[in-house]
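In the two assemblies presented below, subunit A is common to both, partnered first by subunit B and then by subunit C.
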Partner chain A sequence: MAYGWTGRLLRVDLTEKTIVKENLPKEWMRKYIGCRGINDIILYSEAGPDVHAFDPENRLIFGTGPLEGTPVGMGRVSIQTKHPEGHICEGGFGGDWGPELKFAGYDHIVIQGKSVKPVYLYINDDEIELRDATHLWGKDVLETTKAIKEEVGIPDIKVACIGQAGENLVARAKVFNKHHSGGRGCGTVMGDKKLKAIAVMGSGSVKISDPHEYLRAFRAIKDVLDLKDTSDYFVPGWSFMSANLMLEGFNELGWLHAHNAQKGSLENALKGEEYIEKYVVKPKGGFCCPFPACGRRFEVKEGKYAGTSGDEREGGFAYAASVVGLRSWDVLLKIRDLCDRHGLDEFMIFYTIGWAMECYERGILTGTDTEGLDLVFGNEDVLVPLVEKIIKREGFGDLLAKGAFEAAKTVGKGSERYVLAIKGQELEVMPQRGVYQFALSLAVSENGPDHTRWYPPYPPNPNTIPSNMELPFDPFMAFQTRNVENKGSLVKWLYDSRAVLESLPTCVFVVRGILGIDMDPWLRIFNAATGLNFTSEEFIKVGERIVNLERAYNVREGFRRKDDVCPRRMMEEPIADRHIPPLGENLDLMLDDYYTLRDWDLETAIPAEAKLKELDLDFVNNDLVALRE
Partner chain B sequence: MGLGSGSRQKQRSHYLKVSLDLGETMKKRLFLVGSELCNGCRNCEMWCSWVHTQAFGPNRGLIKVAKDSEGAVDLPIINCDGACPHPMEQGVPLCVEMCPTGTLIYTDSEDAYNKRMELDMKKEIQPLFRLIAPWKWPYPWSEWRGKGES
Partner chain C sequence: MYLTLKYAGHIAMLTGKMKECVDVGDAESILDIIARLDERYTGFMNVFKPEGKMFNYNTAISLRRVGEPTTSVIDENQSVREGDVLFFW
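The block that comes next holds the complex of A and B.
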């Protein structure tokens, strides 16, 4: 196709050292659009149940979409592979790497096989080669980026790479593009394949079918997000603080996972304003992001960690600090910097250390296990040395590098009871006992807990919802936090709509206000860019198709309703300090609601034949026939 | 290019004298007033390429954002005389319209100078002005009412 997509896919076999350019099937563009959607169909077709995450046959797929490289794409890339637990492992980053891949002329890169020696992939338009990366192995993300720039002699080349965490197969390691990171676990698979980096330089452009209509459609989206004129309550705050905006609110509401979610709030918890006042030096933004400071550059100017500096793109890590009882921005930013340089996932770090702290306090782990580290909640001195041990997999760090879920299996002694993980992957910071729609969303997520698949989960300003708009849920009931009414229909809508938006792609953090429940602005810009004439029904159906395909992938791997759960603590224990009861049977009620609306079996959560046929997924249905019996 | 810090009186008067000689119609130009406010989003670069080629790509417009490897520097390098071929529907060229932080402005030299002064002064009283220019954000916030609340 001439507009939007480049129509080319790059297949790289690391075992055979071959690079093949393939045409992207046109049928896929209509059925799955691109990015996350096309990544899904590639993974479904090529990495079946007989493939383990660390087999050479596992695929590591980088996907962009038709709107990538244009401003509304926001540089989002979907990275996908198979998780060691068997389910889909997907995440993404923003930044300049994705657009550059489009400018070089490729929509997707499929990595297969496994190299013996470390390599990196060099792409400069049509000049593509695998190069030796032995000298880069052991270098951190920023060092690798600099070294590649110097080596190829192109200062502007865009590099996506892993740090030492990925090399050492630390669980949930991410792929980094400078300070943009994503794909929890994809960095681990990349390290296993001995692929250190993908460096991309492109000189092409993304052509637009109707450029002037594109501009009008873009302005319509931008108007909703305009700082001076927005109707969305969160836009002004998000513009400067991103997720830190709600830091104090979460604490007051008891929504923090303080002390491994034993408590809902923390005294003297971190404050977002202090961060802005003392540490932030300049704004940072993703590719064509309409917000002024969705990311920020920070500097620690005094104290033990003076001189630490870095970028952050998501404030969520500050909420995760409460899991270990951390109250110091200095230490938190030092850990953030360590994670960013070495390619770690900060959520995995905090939830795993939080689990270890609880085990230590309960006597399951002793001073001998922890090599003398006094792992009590709030002990800030142990954190930085422990993170360094995890990166290098030294001693006690080697246990924690497996992640809380795997580490608990090794330790035993009932330590599994304190793990906060879903589908084997540590939680992010979203509260579940306090907000039922979050609990349902996280439980049914196909790639483990991932808030970007249903973000943002709050309603638009009621005054901006047109009275004639038909919604599949009642916004006033659905967004109430602690009842089960309308939650199934809300979460189904969030998943379907975000699946199609992530396939365009665009960044879910700009899906604010009315943009979150009205798909027409997105449809308009998609049609303007690609020259296709999708209807609203076709558009949202793509999202539903993607969600069902992902569910089918997990079903084929053995995942059933029993795996759509929340951690034991959320199900059984109240948040005592805030008198918030546990989820209990409420989750089951919401799951029934959700599966019924999806036409998935209530016992097994397998999609029904009629639903799959309605979504043109007959080939998926053929795979599931035997599993239904 | 803008005036940098523009704190020296001598520099100011020299600059204003030159700008006044340009006459009314030539007065408005593209200014980079707060290079430290640039967040590296490349909106200006991409929309400039759109203006010139109706497509989005690097090296096609008259602006390119220079970045270092660490992430400490973002700086739009501008090769533009201010005569944008795209009709300015919003009164400013697309690069300025799409700039989220107010780094780029389209105005006359005197206003550009004053805006830079305003930025430096307001940064002292409100740390958020390290992240956005005062002319992009109504301050104090308490006096502002969004359209949703009217």
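The block that comes next holds the complex of A and C.
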């Protein structure tokens, strides 16, 4: 038997109403490990170019990995499907749903087909049923979770579900597991399949090959995250402020996308310290998360939105507030609550409204279009009503529910120029003109501007890296923010290493300090858990294989070098208020470097035949032969 | 010489404020500034240059200067000028 993995996959056909248990091929475990990696091979094999995102044949895959259900897994789940734009759509959440799936005895769930009426999937070890969810349709995430718990009579059952945003096919809707959410766009596909929720209860455990060695390896990882001795300047601050730690820093550095990225900073922008002082009630971290601040209970105690409360995780949404010129925590937390209850993606909301505001200020959209809403930057009064309209797809909200990229196609009149998106997906606050490694990482992402695939973007102090550590880049050059030197090698390495880590899985937000560049502690714990005896080379090669498989998927869908770009504003316009020039030709220079190191064609960005062969991806080669000509 | 100093996260906990404009006298380098701040906020030096460890071991400082992009400070002898904005976090 396999240690770590359960070795079983659950296949659910919503059209045929069938549920089949399958064995997870052992070859996949070695080649892709699990979670994101195995989701990739399933999607590649089963949702080809003839399948559209909203076809019944599209797959919606939930994946865990061999370390899921153990402390280092952090509860991470990868959710994957085909995006309406055709590329891979992948994301995930933490929390306790993933471990529960492992305890029930399954590594992956593959959803296919499409139900006529709403259903939810009930899993209690080997008791698995599709149940009617008509009475749950229209309920929000919290109501759905509560209703299912009461209905099945198991208060501790774990529920992953969509809200009204997913039901109404709002762009980039997410899947939620309490306040943990992920998979931008996966919630939309889940809504299209009329799958409201997956409720899981398990009574098993994860079998570890060498428990004593696992424990020693885990302690070694924990020691690196020690608040006092860590060499990572993020750990002390992050531990009590989470991502909000850098709010003021982004403003100072000119890294905010203020007013739809027309500016890099904002007067009186939100401050994380104010959030802690006035709104945070208590920490509420995820499954085995070592950072208490990463999840928090908040409450608005006074003002128009008094009584608004909820749980937030990781805090990145506060950076996006500057896109619309928002300076009020009250309003922001109300929007956060709406997003979390109704299953919306907060980045899509802010970047789409920011686009609409710029179009309004430039006269492309008028008061008639916006139904009287005065969409100027900083007008906080319009935001909450507009988000509510988007959820319900009412009036002007129906246009914005498509996301900025699609909405601009409808509006035309040059509005496309002001869209801040990559591969059809709105940005996630990461600066590109100020940090070149971010620009390259976002441009080459197979999943739109997903910042978790190459995280963490901030290196440890280069002086703290042991001199005998072999790295494929020069840390002193690579970590400088505004030159093109060593960026290709840094980004390649970040992508490959994060692909492995996300397949174990573990949380990339924990991959800090020396743990972010030293893979040996992760290899050690992987080998201890699974009983496999991977070498460092084999371990990192899994990551390279995953990245190439994902690239091949997108190539098969028609994506090429022309799609590895940053938004036009980043390429052509400076950040005037911080004297930062546009990216210009620097992106092309970095792309050349990156493709060369990957052995991808410089013109098309298609992986070379020899590279795919080296990675044991011969079957992919067969699909790409015609596309190379 | 007046500088604007900003503090975030756990550094703001140490100073009790997030921003101040300070006369740093004849201070010439970042290390001089940190030494002066240590007189105001006991322990400041130990946070940015812990005993037995290198400068900025687990902290960061950025420097904004009029007319230039903001940069990270990696050298404790980095010079400072009138009007600079230093951000400690």
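Quick note on the criterion: the second predicted complex is superposed on the first by the 624 of 629 C-alpha atoms of A that agree within 3 Å, B and C clash if a C-alpha of one lies under 4 Å from a C-alpha of the other, contacts with A are read in each partner's own complex, and residues count from 1 in each chain.
In this text, contacts are C-beta pairs under 8 Å (C-beta built on N, C-alpha and C of every residue); 3 or more make two chains touch, one makes a residue touch a chain.
Treat the numbers as computed from the prediction; the structure is a model and nothing was measured.
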| item | value |
| --- | --- |
| Which of subunit B and subunit C A:Thr15 touches, first, second, both or neither | neither |
| Touching partner for A:Arg578 - first (subunit B), second (subunit C), both, neither | second |
| Touching partner for A:Arg482 - first (subunit B), second (subunit C), both, neither | second |
| Contact breadth on subunit A, by residue count: subunit C or subunit B | B |
| Touched partner set for A:Thr535, first subunit B, second subunit C, both or neither | neither |
| Partner chain in contact with A:Pro236 - subunit B first, subunit C second, else both or neither | both |
| Touched partner set for A:Gly272, first subunit B, second subunit C, both or neither | second |
| Partner chain(s) touched by A:Gly202 [first = subunit B, second = subunit C, both, neither] | first |
| Partner chain(s) touched by A:Asn463 [first = subunit B, second = subunit C, both, neither] | both |
| Touched partner set for A:Leu245, first subunit B, second subunit C, both or neither | second |
| Footprint overlap on subunit A, comparing subunit B with subunit C | 230-233, 236, 240, 461, 463-464 |
| Subunit C to subunit A touching residues, read off their complex | 6, 8-12, 18, 54, 56-60, 62, 64, 67-70, 72, 74, 85, 87, 89 |
| Residues of subunit A touching subunit C in the complex | 230-233, 235-237, 240-241, 245-249, 252-254, 271-273, 434, 461-464, 481-482, 513, 578-580 |
| Subunit A-facing residues of subunit B, complex | 36-37, 39-43, 46-47, 49-50, 53-60, 67, 69-72, 74, 94, 98, 100-102, 127-128, 130-132, 136-138, 141, 144, 146-148 |
| Of subunit A, residues touching subunit B in the complex | 69-71, 96, 100, 103, 142, 145-146, 149, 178-179, 202-208, 211, 215, 222, 227-233, 236, 239-240, 276-277, 280-293, 295-297, 309-311, 461, 463-464 |
